[in-house]
């Protein structure tokens, strides 16, 4: 189930294994590999980072899907997870291998109108066209008193903004989306990374039991990035783990008043992320993550977070749970009151 | 309207009166009353508290509802409010008095897969079956730098996860839910506690004017726990009172940047809580709480927060408002543009 | 496009120009101009401010809309933005110039039951009737330990609570709403103010391309107030700008753990506000703001945030974008898969 898609000119930001949903790539490209002049910036802060260049290919995929990929023939849904540190600039060469108009539009970072990714700003790729989009980031900057403009750090996302409608409705519907992480210096790096996109009635354009099974070993630091898309409202729930409802998912200290949550609204255009220690306080096992809207979970918006033993072996009962999941009958059982359950 | 359901072996955590919606029970059982070995835990922090044991009965109720109760024949909708301090363990013996498969699944606390409450983990009660579920809690724990894993403190909830579908859709629909509070040492205890569950188009499975009327005297410290369930999105609004959008509802100091709110999203699987001083700054009277989605409030998702005078007497106008409320015509008037209003 | 509606007895709180959606009025009326005795208050804190009096007219508007205005014949949708500092009292004389029952109901401030604005509390204006509503505000107050009751500061709103149904569903549907800002002493005042109300499938009861175009010059401090109404859920997204998800939209310092966002749930009865520096880090241009629910943006829930050059001149490409926007075909193109795009 593992997939390593980074190309040779990429240094991985952090070691990760078996990211099942999409392809995650750390983007700590050495500054020496950047090309040309510094990206145009409007703040001094943005000039402190490095400029990283990446080529992304938008392609048609089986099942009437579209995906972004870091090499030809390697598009995935969701697309590659893109990462940068506050201050870095990401220069994306988007190659449109499809016969549709499309683009790439980011949340959370800075871009000029020509990198907006919207037909509104004439910023898109025509069929077969290649175009460069530049995303800049910056640290928090004081404006007056104790008022700071927030920096770019956050668990963001990117998506098409041009296919089908001026808002990219067809591109988003069919898989043109991915995670974008901007880290603050000093942020703790995870061992694993999972991206779950609640899109319509699907997760990463899949329905249970074909939704991603995310795997980690007991005690690993796992980073979740949750993204909402489409026309419906959702709530993301993870069993047996919780996080702080802030930028990192961690509290700042033992008396931090931030709310701890294990269920969060995940509506179109929103995203959040957090880190948990896999199985911390609860042990290994097969845990569900799902939309908590009842007819959505019954309809198949549910997947598995498999926490293996620390040595990678399967904990008791986990395989049975997975097997039950694959025999899971969703919409049918939901539509029937008190059916005979098969398990 | 008062109901005291705690049994003799419970010490009340705090004095409360007239909790109209469901039954609230403090769970500060002395450690000497706990039975047997310490619960299995995975963190040292979880071992600092006490182990409390409670038996909960799931029963069929009139009106095709189901409820949880602390004694046979005493099931309510919502079920009893369960409380613990961070570090405590709650060992629940669930007795299924119904002819349906059901379970009890908590949010916010730690549990092993065998206490997951899900058919996915084969964790449920068959009809007539008794089963033990163990919920553990813990304080915040430092991981690295200023990054703390949040503790269990929060306004959480519990619900069935097995009746009708693998997500407990029928159980939740018919009333198998309740509040779960995990307090941090030093948290201020309330004088009163109200639980409002927005479930489908109902509040605590009731429609106005049969929704709960919550009562307090001017100046009492009132704790609200709001829980969302079902298939619909909601916003919880309370008239004339507001709270901070964090763990407690209080600010940490006069310059705390947390947003104050009086209307909050309350979507399926989410919960929050806060304390207000009844009538603070606004005086006694009959105040509305309601879903702010217009066709939901018009449809009857509205109830009364009656703030009596400090001596418990009725303030001027309050009874008139209550009387108007009981003559309230909901869906009919909402469906008609500008009908003749009866009041 | 400019509109200055403040009457002579108003001092503007801050200089603002071209607030396109509705009319914004600072309410820093000198205390010497207030009339009569202090408003009845229940907290000492509320007595430290000034009492300000304003007359608001509710009127029928073209297009089957209703609006609030600060003078006869000047009603707008949304109504005037009302502002106060924590501690101030606002005494509103509401003149009902319509033939419908209506009221004015605020969020975030203190009011007695007779100013509730609800038929439930017999607090409304009959057709042609004039009635006074009193809104009080207060600073945060310590209750115990580090627990502070939040003050009134916030980006709030007001709306009808009596037209059509007991919840003002018809009044809200047809435009009877506006922004209410309560500032904390020391808050930074903006150069510009924009109010965007997501109401049903419309913004300020308009559909693109007739939605408000908000304008500022590069570097101006722009305050957005976003309000949700109606029956639908929404997410507010602003291109190329972001803010902190707290009371002000600013961080408290460079290590503030608050999440930065550029997309936020905006559901019925909720509101939030934030300040951004127009074009900061991204430059001037025509930027979209829109609901990120795909069929809502495709249906016309989108508008323009025009950031001009610092000298007020048009940046390259902006007029082209605006022209494209006015040729924008919404629902039709959204309903068709991959239509020929005209731009």
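Think of it as A, B and C in the order they're written, each chain with its own count starting at 1.
The working rule: contacts are C-beta pairs under 8 Å (C-beta built on N, C-alpha and C of every residue); 3 or more make two chains touch, one makes a residue touch a chain.
Worth saying up front: this structure is predicted, and the values here are computed from it rather than measured.
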| item | value |
| --- | --- |
| Same-site or different-site touching of chain A by its copy chain C, using the half cut | different |
| Angle (degrees, nearest 5) of the CA superposition of chain A onto chain B | 120 |
| Inter-chain centre distance, chain A versus chain C - centres from mean C-alpha coordinates, in Å | 33 |
| Two or more partner chains touched - positions in chain C | 233, 244, 248, 250, 252, 256, 258, 265 |
| Footprint of chain B on chain C - complex, ascending | 41-43, 46, 100-101, 107-108, 110-114, 116, 118-122, 136, 138-140, 142-154, 163-167, 169-170, 172-173, 228-231, 233, 244-248, 250, 252, 256, 258, 265, 267-272 |
| Chain C contact footprint on chain B (complex, rising order) | 186, 188, 221, 233, 235, 237, 239-240, 242-244, 248, 250-254, 256-265, 276-277, 279-283, 285-288, 290, 292-298, 302, 315, 317-318, 320-321, 324-325, 328, 333-334, 337-339, 341, 343 |
